[in-house]
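Two complexes, one shared chain (subunit A), two partners (subunit B, subunit C).
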Partner chain A sequence: MATVTEPTGSTAVGTATSGRTGGWLRSSAAQALLVFVVLVAGYWVTRLMGEPSWAGGFPTGPGDRFMAWLDQVYAWIVANRNDSPLFLYFFNYISVGLGSAVVLINQALDFLTWAGVTALGLFTAWRVAGWRVALLVLATFAVFALTGLWTESMTTLALIITSVFIALLFGLPLGILAGRSEMFYRGLRPVLDFMQIMPAFAYLLPFVLLFGIGNPAAAVVTAVYALPPVVRITALAIREVPQGAIEATTSLGSTPWQMLTKVQLPMAKRTILLGVNQTIMLAVSMVVIASVIGAGGLGDAIYQALAKVNVGQAFQAGLAIVMLAIAMDRVTGAVGHGTRTPNIPERYRMPLSAAGLAVIILVTAIGRLFGLGAWPRDLSIDIATPVNIAYEWVQSVIGAYTAALATWTLNWILSPLDLLLSGSPWWLVVIAATALGWIFAGVRVAIVSAVSFLVIGLLGVWDNAMDTLSQVLVASLVTIALGVVIGVLMSRNDVLAAILRPVLDAMQTLPPFVYLIPAVALFGIGRIPALVAALIFALPPVIRLVNDGIRGVATGSVEAAVSQGSTKWQLLTKVELPMARGSLLLAVNQGIILVLSMVVMGALVGAGALGNDVVVGLAQNQLGLGLAAGLAIVCLGLFLDRVTQGRRAPRA
Partner chain B sequence: MSTQATEAAPAAGASDVTFSVRNLWKIFGKKADTIIGTELERADRDRIKEETGCTVAVRDVSFDVRPGEIFVVMGLSGSGKSTLIRCLTRLIEPTSGSVRLDGEDIEQASDQRLRELRRHKMAMVFQHFGLLPTRKIIDNVAYGLEVRGMPRPERYARAQEMIDMVGLNGYEYARPGELSGGMQQRVGLARALAVDPQALLFDEPFSALDPLIRRDMQNEVVRLQRELNKTAVFITHDLQEALKLGDRIAIMRDGELVQVGTPEEVVGRPANAYVADFTSDVARTTVLTARWLVRDAYPEERTDGPTTEPGTVLAEVLPMLAASTAPVRVVEGDTLLGYVGRDDVLRAIAEDQLEGADQVAAIVEETVEEIPDEAIDHGGATPTGDGG
Partner chain C sequence: MPRFLRRKGVLLRVVVAVLAMVMVSSCAVRTDQIARDPGVVRMALNGWVGYEASAEVLATILRDEMGYEVQLVRTDEQPSWQALDQGVLDVIVENWGHEDLFELYGPDGNDTVVDGGPNGNVGGIGWYVPAYMVDEYPDLPTMEGIKEHADLFRTAETGDKGEFLGGAPGFVTQDQGMINAFDLNLEIVFAGSEAAQITEVRRRYANEEPVLFYFYDPQWLQEELDFVRVEFPAYKPGCDADPEWVPCDYPQYHMNKIFRTGFVEEDGDSYQFLDNWHWTNEQQNEVARMIADEGIDASDAARIWVDENPDVWREWLPEGYENR
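On to the complex of A and B.
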C-alpha cells in the first residue's frame, strides 16, 4: 500500500505546485510516465506477494447481481411484450410501423424493377450533381447488379431511407428549436456531444430490448445514431443567419413564423443540407453495423462472410457498400454545395423534372412489361472466387510475415499490457486512471475517470474492459504516431498532399465496418486484425488534422523563425508543432475515440473483450451481459474522451 | 433669430411631432434596471461599468422630430447612436423612457401592435443593407408587403414602382450578391419606401459605400425627401453628411445628446468644446448663411448694397461684398431682415483659421456664455489640456 500511495501522492503534489517550482515533474508526460511506473511496480509487488485477495481483479459480486437483474428485466419484457400496454400500444406499434415502412420502400424499389431504380437514380444524380456523379451512380448500380447483391442492396437502401427519414423527422425540428432558443441549445449540446463519442456498438442493445431483433430496431438505432449532425448543423446554420437580415426583416414587421420560413430557413438551407449529408453518411455506416441486430441487406452479407472468414464474399459486399457510400455522399453533398448542379434556367426546370419523371415511368413500365424485377443473379460476375484466389496467394506470400508480426505484437505488447491492467489490483488501476485524469485535465475529469472505472467494475465486466482498454491504447499509440508522421510529411510536400487528400476524403466516407475486410485478409482473425482495422479507420482524420494544423500556422511566424536561421527541424519542433497544438490535441482525441469504436467492433473478427460480450449477449439472449458491456464501452469512451480533451481553459 | 426660437420651443402637442422621445435610457447588462433613479445614474460610463458591469448606451435622451424633416443624429462610434435608432423601432428594448410615434407610445405597444406599426408606419435602412441573398431584388423590395399579406400581383406592382424610383430598373430579377454596394443600398431604400411609411429610419446607410457613390446616394435621399416628404431620422458619423442632409442635427457623445440644432447652430455656436472640436474642420463659409450673421445697420452705414436671400451661404455672399463696399442687404420676400458686412464675414472666416486647442477653448467659453438654454455637457472633460 505504501509503495502505491507515496509516489501517487508526490505526483499530486507535483501537479498542484506546477507553475513555478519543480523540475521535470512539471511536464504532464513525465507525470503520466510516473503513473505508469507506479502501476507496473504495483503489479509486480502484488504478484510477488502471491496475489493476495485484496489485490485482484474487481470483485464480481455486484456485477453478477446487476446482470442477473438486467436478465430479469429482459425476461419480463419478453414475457410481457404482448400484454403490457406500453409495448402493446407504443413500442409494438412503432415496431410494426417501421417494419412496414422498410418493407414498403423495399417493395416500391422492387416495383420499379432494376431498370426503373437505375433510371430514377441516374436522373436524380444528374439533376442535383451533374453527369460525373450520375456516372458514379451508374457504376454503383452496376456493382450492385454484377456482384449478385441487387436484392441486398435494395434492402439496405430501404433501411437507409427509412432511418434517415426518422432522423430528419426529429432532427430538423430539434435543430430549429436549438437554433432559435439559446436555452434549449445549451441543454441539448452536452447530449449531442455525448452521443457523438459513444461507439456505434454501444447503441445496439437498448433498442433490441425495446423493439426486438430485426429491421425496426435497426432502423431506430440507425436513426438515433445518425441524429446528432443534422440537429447540430441545423442549429448552427440558423444561428449563423446574419444579424442584419434578422434586424431588417424584424423592422418590417415579420412574425416569428414568417421570420423562420421566409428568412432563417431559406438562408440556412445549404448548411442544413450539409448536415443532412452527414446524417445520411452516418446512417450508411450504422445500417451496416446494425446487421448484428438483424438488419438485412449488405451489412448482413459482410457479417455472414466474415463469420465464415470468406474474404472474397466479404469483399464483394464491401465493394457494394463502398460504392453506395461514395455515391450517396457525392449526390447529397452536391445538393448542399450546389457547385456541380447543372445550371438550368428556371423556366426549364419544371418541364425538365416532368420529362425526367416521364422517362422513369416509361422505363419502369417497360421493365414491368418484360417482367424484370431485381437484377437476375445468374447475370452476375463472380468476384468472390478470384478475390479468394488472390487472397490465398497473398497469404502464401506474405502470410508468414504478417502472422509473425501479429504474434510478436500480441506477445510482446498487447498481452503484457492486458496483463498489467487486469492483473494489477483493481483499485490501483482506478487510482491510476484518476491520476491521469487529474494530470491531463484537472480535478473534474479526475472524478469522471474514477467514477467511470468504478462503474465498469460494478457492471461486472472488469477483465474484458481492461482487455478492450489495452487494445485501444496500443492501436491509438500506433495511429497517433503514424498519423503525426504522415501529417507532417503531408504538410511539407504539396505533391504528397495532392495525392493523399482525395484518398483520405474517400476513406472518411466509408462505413467503418468495411475496414474489417482488408484487416482480416491480411491478419486472419483475432485481436490484431481488429487493431489494424482501427488503425486504418482512425488514421485519415488524424493525418488530416495534423496537416491542417501545421498548414494553418501563421505565415508570419514561420517567416520570422526562418529569417532568424531555424533549421527545418527547429522550425517544426519549436514553431509549427507548438502553434498547431490545438489541432494536435484534437487529433489525439479524435483518433482515440475512433479507435475505441472500431476496436469494439473488432469482436466480429474475434477480438473478444467488451465487443464480444455485446455480440454474445445478442446471439445467446444474454441481454444482461450485452447491456453491461455496452455501458462499460460508454464509460471507457467517456474516460478516454475527457482525459484527451484536456483542460478547457489554459492554466492561469 | 428665428432659428433659435423654433429650436427652443418644447413640443407639447403631439400632432405637429412625428417622433417624440422623452428621457430614453438604454443600459446593457444584467443589473440594467437597478441604475436609473439611484445616484449612480449621474455617474460617468466607466464608473457604472466598474460598479455594476453594465454599459450605458443611451442616457436620458429627449428630442422631437417634426413631420417632413430630416433629423440627423451624429456621433462617433460607441456614442450610442445606433442603439438610439433601434430603440425607436424597438429592435432594442429601451431600459426606460418613452418613444411616441404620432402620439402613440411605442413602448406600450403589444407585439401585435408593434408589428402593425413596423409594417405600416416606419421603415429602416441599414448600414450593411440587411438584404436576403436568397431572394430576387423584387422579392426583397416586396418583403414588407409580403409579410403584411398583400397578394403577389399587387406587391410586385408596388415593388416595381419603387425599383424604378431608386433607378434599379432592369435588376428586378437579379440577386443581391450580383449588385454593387451602392445598388444594394438602393434596394434597401426601395424596400423601406415600399411600405409607404410615415417615418424612415436610416442607420449609417452610406458608411459602407465609396465616397463618390456615397455622394450620389445622399443626393438621392435629398431628392426622395423632397418628392415624398417623409420624416426621417438619419444616423451618421460623418459631419459633412450631417450638414448636407440634416434639417436639424443632434450631436451625441457617450450616450447623451450634447447639442441639438440646425447645421448653422452646430457650426456657428457649438454647445461645448466637444462639438467645437468636432466641427472645427468645417469651413464655416459653406455652412453659415446670411440669416445667421444678419444685424441691424450701424449708424452712418451705407444701406444701398446688393440684396440677397437669408438662405445664401457666406461663400456666395463674399463676391458681393468684394464688388461693393456697402454691406449686403438681407431680404426675405419684401421684408428687410438686416445687413451683413465685410467685418461679419471676416470674423466667420477668421474662426475657421484658428487652430490649436487653446484658441478653440477660448472661443467656446465665449460662446457658451451666450447660449443659456442649450444642453451642456457638464461632466465632459474640456480638451484644453491636450496641448496642440
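On to the complex of A and C.
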C-alpha cells in the first residue's frame, strides 16, 4: 500500500516522444539482459571452480555481531522497561496513554450500545455527507451486526480513531510547516519517501521493541504508517494557495498566524481533507496487519481464521473490514468534496445538531434501559459455511492442477533463480544490482543500489534476502505481464471495464491477509501461495494504471494513426503504449513495491526468507534477527523502487 | 462540517484531560498502569487447538456463568509472556515449559508473572511419520532409520535434502539442534501455523505421500490419523542446553498456568476460578475435536461441552457462584 498515495505527476501523458522512448527501451533492455548473462556466467564459473570461499554468499560475521548487539539492547529493554527514565517518562507515556485511549474509546462505544452507535454514525454521516452515504453507513453497521463481529468491529473502530487522531496530531503541523518552509520540506521529503517504500510488515518489530505487544504498539505503528499522506498533501495544499491571496493578506498587515488560520488553512481545507481521507485508508489496512503484534478486533479475527485455514471465517471478517473502509472513505471523501452535504440554512444548524444529539441520547437511553450492549451474536447470519462449501468445491475441482502448477513453477523458475542469486559470489550480485541501477536510472541510483545490497549483506541476512528477491522478481514479472494484458483489454472494451472496476475496488480494499488462506489450500504450503497472494494483491493498481494510461492517450494521436492505416496491433505498440509510458512505468513501480510488501507476509504460510525472519524474531523473541530482516526488506524496497522509478522527473 | 469539527474538539479535550490526569497522578509511568476494565479478563490465545479448547471453555464459563467480559488475544507463546510482563494480558492457560522466560519475568527476575501451577494436561512433543510409511520401512521410526531414509522426504522446496515439516514459527522447538547433533540430511520448512501444517499433513496422508513432521500429544488428529513417533535417545535434564546441539528427544511437559502478578494480587473471582480450574487430556480433546475435526465454531464447541459437563466445571467456581 505504501506508495499508492504518492502524488506523482508522472501519469501525465505525452511527455515523451515515441521515438526517443523506443530507443531508450531497446538499449537498456539489452543492457539489462547483458547483466543477467554475466550473472549466470559468473554463477557457472564459480560452480566449476568448486565454489571457492571468496566467491560464496556474503560473510555473516558482521551481521551476527549486529544481531547479537540488538539482542542485548532488547534484553536491556525487557529488564529496564519499568526502571529506566527513558521508558518511565517517555515511551511508557505513549504506550500507556494510547493503550488507555483505545480501551476508553472502546468502553464509550460499548456504553452507547449498538443502537446508540448506529444512531450516532447515521446522524454524523447524514450531516456531513448526505443521505446516500448515511445509508451506506447503515449497511456497514448491519454487516458488523449480522456477521456476529460487532464487538470486534468496535475494537477496530477504537483503534482506528486513536491512531488516526495521533497521525493527524503530528501530521497536520508537520504538513503546515513543510508547506510554509521550503527547507523543512526538502529535509522531510526523503523521510516520507522512505516511509512509503517500507513494507507494512517491516514496521512491526521496532515498535514492539519500544512499545511492547498489544493495542498500544498497534496504535503507534498504525499512526506512523498512516502519517505520510496527510503530511504530503497538507504541504501540497498550503503551497497551492494562490500567491495573490497571500500577498493581499500580507499587504493588509496580517501576522503569520492570521495568514495561516484565516487564509491558508481555509483555502487549503478541501485538499487537506483528502489527505486525511488517505490517512484513514492506510490506517484501516495497517490495523489488520498489526494483529500480528497482538492488536485486537477484526484484524485478529482474520489472523485467527488464517491460523485455522478457515476461508469462510476470514471472508466474513474481511467483508466487515471492506465495508468499514468503504464507509470511512465515502464519509471523509464527501467532507472533502462537500458536494453531497445537505443544504441547511445557517440558523437551523445549531437546533438541528441539538436535535440529533437528543435523538442519540434518547436511543442510547432506551438501549441501556432494555439492557442492550453489543449486538447479540446469536442474531447473526452464517456466511462462513456457504463460503467454505464453495471453496471446498473449487479446491476439489482444480486443486490437483494448481498443485501441479505450483510444483512446476517452483522447480523450473523459482528455485533456479534463487540458486542463481544466492549461489553467485556476493560481490557479483552487488555489481549486477549497481549496473541495473545505472542502466535504468543513472549514477545516483547506481550508488543507492550498491549501498542497499552491501547493507543487506552486512545485516547478515544475505541468503534469505536473495530468496525474497527471487520471489519478488518472479511474482512481479507475472503481475506486470498479466496487468498489462488485462489493462489493455479493459481500455478496449467499456463493458469489461464497467464489470472489472468494482471487482478491482473490492480487491484493493480487502485486507491482504485474506488472500493467503485460499492460496494455501490451492497451492499447498511454501513460496507459491505467497506469490499467488502477492499477484492478486498487486494486480488491481497495475491494471488500473495501464487502463487509465491508454485511455488518456490523446484522441488526436490515435485518429492520426488510424487514418494512416495502422493495424490495431501497430496502434497499440507504436502509439498507445509508448505514449502511456509514464503510466506504465508507474504501474511497474507500484506493482513491484506492492508485491514486495505481500511476499514478506507470505511467511505466515511458509514462504520462508526475510518475512520468516521477522515472524520468527517476533515469535521467539529474537528481535535482533527480526530487526535485521526488517531493515533488509527496506533495503530491497529502496533498490526496487529507485531502479523502477527510472529517469522520471523528480517528484513535485 | 462544523459538527464534525466540534466532535473532534471534544475528543481532543477528553484525550488531553486523560493524558494530563495520567501525568499528574504519577510522573513515572509503568507499563502496567494502562487503563483496564476490572470486569474484563484478558487471556492469551496461543495458536494450537488444544489451547484454544481450554481458553474457550474458560471464557464461556467466565462470560455466561460469572458475568465477566473476556478478551481472547491471539499471540505467540513468547510474546504472550511479554504481554503479561507489560500488563496487557492477564493469563496464559497452557504453558509448555519456557523455564528461561520464567527466570526472566518470574519472581527472581522482573517479578511480573506468577506460576499458577499445573492445569492437569500432560504433553509431549516429538517427530512423527505416518503409519503407512512404517509398513514399508519398518526401521523408519528410529534415529538410524531417519538418517538412512532422509532422501525419502525430498520435496520441490528442499531440493536434495529431506523435508522436515515444522509447525508455527512460535512453537517450542529443538529440531535444528537435533538435526545437527544426529547429523541428519534434513531441512526444516515451517508451515507458518498449526492449521496450515495440519492441512499439509492431511493432504499428503490422503495421497500416501511421505512426510516427516513436528507434532505433539495431546492432539485430536492423533486419533483420526495413524502416526508413529520417531524414537530418539531419551531426554536427560540439560541435554538441550545448547539449542544448536541437542542429542536427545523432547522432554515430557506438565503444562501449567501463568498469571500476571497484578492479577493474582487483585485476587478477584476470575482469578479464583482460573486458579481452581484443572482438567484432563481427554476432556481437552473432547472440545478440541469438535473445533478442529467437526468444524464447529470454537465458542459453540465450548458451549456444548459446558452444557454437557456441569458437574465438572461447577467444582471450579469460587465460593458464592455454586448455586447460580
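Annotations
Basically, the second predicted complex is superposed on the first by the 598 of 652 C-alpha atoms of A that agree within 3 Å, B and C clash if a C-alpha of one lies under 4 Å from a C-alpha of the other, contacts with A are read in each partner's own complex, and residues count from 1 in each chain.
As a convention for this text, a contact is a pair of C-beta atoms (placed from the backbone, for glycine too) under 8 Å apart; a residue touches a chain by one contact, two chains touch by 3 or more.
What you see is a predicted model, and the numbers here were worked out from it, not measured in a lab.
Room for both subunit B and subunit C is found when the two structures are superposed via subunit A, with no clash between them. Within the superposed three-chain model, A:L604 lies in touch with subunit C and out of touch with subunit B [touch as defined at top]. Applying the stated contact rule after C-alpha superposition, one finds that A:K262 touches subunit B and leaves subunit C untouched.
In the superposed model, A:G253 lies in contact with subunit B only, and not with subunit C. In the superposed model, C is the one of subunit B and subunit C that contacts more residues of subunit A. In the superposition on chain A, contact of A:G460 is made with neither subunit B nor subunit C. In the superposition on chain A, A:P511 makes contact with neither subunit B nor subunit C. Within the superposed three-chain model, A:P199 lies out of touch with both subunit B and subunit C [touch as defined at top]. Remark: least CA distance from subunit B to subunit C after fitting both complexes onto chain A is 14 Å.
Taken together, the two structures place no residue of subunit A in contact with subunit B in one case and with subunit C in the other. Considering their complex, residues 86, 89, 91, 114-120, 122-124, 126, 128-135, 143-144, 146-148, 188, 191, 195, 201 of subunit B touch subunit A. Subunit A meets subunit B in the complex at residues 242, 244-245, 247-255, 258, 262-263, 266-267, 269.
Of all residues in subunit C, only 1-4, 6-7, 11-12, 15, 18-19, 22-23, 27-37, 45, 47, 71, 73-80, 82-83, 85-86, 88-89, 104, 109-110, 156-157, 159, 165, 168-170, 189-197, 199-200, 203, 292, 295, 299 touch subunit A in the complex they form.
Subunit A meets subunit C in the complex at residues 78-79, 81-82, 85, 87-89, 92-93, 95-97, 99-101, 103-104, 107, 124, 127-128, 161, 165, 208, 212-216, 291, 293-294, 296, 300, 303-304, 306-310, 335, 338, 341, 349, 353, 356, 377, 388, 407, 410-411, 415, 520-521, 524-527, 603-608, 612, 615-616, 618-621.
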